[in-house]
């Protein structure tokens, strides 16, 4: 939508130097957004309505909220770690990168919504059809989360002048498949949840989140890479 | 209300040097406020009340909430980018600038309120009159958002000693029409929504937000400027 | 409660140097808390329950919420500016200062509560007695806000080695009366609201907030000081 | 779950140097999360439902909310101070440390939930059994909070190369018992609350929080250490 803008600015304006240095402010803003999202999740944990003496039973029946909370907490933690690694790849911002980054933050900000829907659908007052809907919605949100990362890597491949010192084009190319893998596999998990079984779909989503947790340092370098005998090349 | 204060401070006080350097803290505070507002929007996305099996239908009926969420998310993103550019113009804060900045933050902080009102008015339980009210309220909030930017530029024109190194008075003058344009056109959108048709008014508001998104690097430098053949002068 | 601790730490510990430098983290933490509080206020602005066509009327009846919102927004803005000035007085943190600062943040964090109570008491479903209670509660919160500032200044007078370079003991002494003035006058406003008239008490609170807004650069230096012919000495 | 990863990264990646320096971003993220949690607590303070003239009575009946709010505010303040001291021990982050830190933040983020449950159980509509449940839940959360600190210290003992300059292994060893003490004593408080008396259990929890407040500068250096005649060794 927005054409990348890294052209020199006019005389008398704050200039490109200032714009490049503002990556720190983007980091701080993104971190703040992610910190708020990961904390807002707790607002969905509510004291159950209960009769005197019924608190423990009420708390137990809220297990879907706890499950959804833990899954989304880990998921947002993974997003933070990956976002961390992402911004270390670049040496400056452009208007285009700012909007791609806002797209990533959009994906992060909405997570509490599918989380609550999932918690609600796993509890009373919902049937299996609702569960299929909720798992598909969660998978859809995760796909929405993955999509701007692909755009980010594509943008970097077209603008190698934005790469941080020491980051090679080749490294960027090797990272590109990760969001695509995420997009495809979250999509498959959603289809699994919708057409086959919501629990299977949810398991697929959780496995994907753990996969991203283990590879958040990059595809070939994390514990998973070592597990499968891939050494840094 | 508050007279600008950039006079030298008394002996033994922390002094002007410290005050000038505190622009970083203003940036951090403003970023935090904007990050929180953009994230709080998600709290308005609620799980719909539904009967077993009715989750999907309930979610679909919430489309006004999603629309209002996306519009306000982009709007706050635009505000952040513009605020970003704004604070790069100056080299220090004064008490007057602090209060003008708090005015800008006030405009940002209230956005979730007209957003929720709009989402509510577009849904069931509201008629066309409510929609006119909601669109006019959103436009009014956007005008309230634009007003302190005008005050900011006016303040800078009267205090050129606050301009950051490399920022010319001429550059500040060329930026001044932007918030005025916003003020007038948001106002017209509100009137359009109130007197003609709420949907038209809402379209006007969305067009204005996209306009600000495309010009957030400055009026003559962004993609729009290039589109219309304006080169930096 | 907590005895100030600025004794040298044991060998092998991170050491005093590290502790002194961490004032930046205290600033960032305090700013984040204040930024969140000032933003959370908007959550109290709710879409009024209304019949189709009754949105405008419903919004109008919410005026106490808007009034309470604006007053508390300005109040928290004042707190931020003053806190700003406060931390510029010192060159390092101690455990005691950390807890005094947490006391200040406690006063800031609770503000949304008396704000909501006030908005509720000014609306339907409350009588004059409720209004007296709400105004007194707001005044009490403001006193709770002022108290730790007095402790802060008292602590600084006893620990002049913590003063930032260029800040004299004399300057600290001249600032000390400000929180005491606040404490006394918020208290009087509360008593006025309780025993005489809640509206008068509320006006007293608002005047005090504006007084602090105008003197947030220090008692003798702001616009008020100039207005009354006090020049920096 | 996640194997620590501090191996050198592949050529063309941002590299270890960048990763070590990112401790500042971890501090900022952690501070933001803790700042949000400590502020969100206020959302649990609600205007009581009341008849005209019944506001004061309604506010008084909310005392359990105030008590729970104050306890959790101090508790999160303590966590912040301790986390502060914790991150000063290290000179860089690894993937493993990041997940341990996310574990600590998990423990902090959930605190509003047991706080609200406790406030609810101390009020009307709950009996003594509910109170036992609520106190045990709060103690359980506090144990969940303490556990990742133990993992953190254990990780540091196995990776002394991560210690900040001037921090000795011996110092780390002397700090290790603190989270273990917390884990055990919060557990005992929970058992006391469950099997003997919820009020006693709650007192135990509060005493533990105050103990951690007084020792947040380290076990042998704070006011408590001086009280018992322990001098730094």
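Side notes on the structure shown:
Letters A, B, C and D mark the chains as written, and numbering starts fresh at 1 in each.
To be clear about the criterion, contacts are C-beta pairs under 8 Å (C-beta built on N, C-alpha and C of every residue); 3 or more make two chains touch, one makes a residue touch a chain.
What you see is a predicted model, and the numbers here were worked out from it, not measured in a lab.
Contacts with chain B and chain C are shared by no chain at all. Farthest chain from chain D (centres taken as the mean of C-alpha atoms): B. Chain A and chain D have Cα centroids lying 26 Å from one another. Look at where the CA atoms of chain B average out and do the same for chain D: the two points lie 37 Å apart.
The residues of chain A that reach two or more other chains are 28, 32, 36, 40, 43, listed in rising order. The touch graph of the protein chains shown is a ring with every node of degree two.
The set of touching chain pairs reads A-B, A-D, B-C, C-D, using the touch definition from the header. Within the complex formed with chain B, the chain A residues making contact are 2-3, 5, 7-15, 18, 22, 25, 28-29, 32-33, 36-37, 40, 43, 95, 98-99, 102, 105-106, 109-110, 112-113, 116-117, 120-121, 125-127, 129-130, 133-134, 137. Remark: chain C residues 27-28, 31-32, 34-36, 38-43, 45-47, 50-56, 59, 69, 73-74, 77, 80-81, 84-85, 88-89, 164, 166-168, 170-171, 213-214, 216-218, 220-223, 226, 232-233 touch chain B in the complex.
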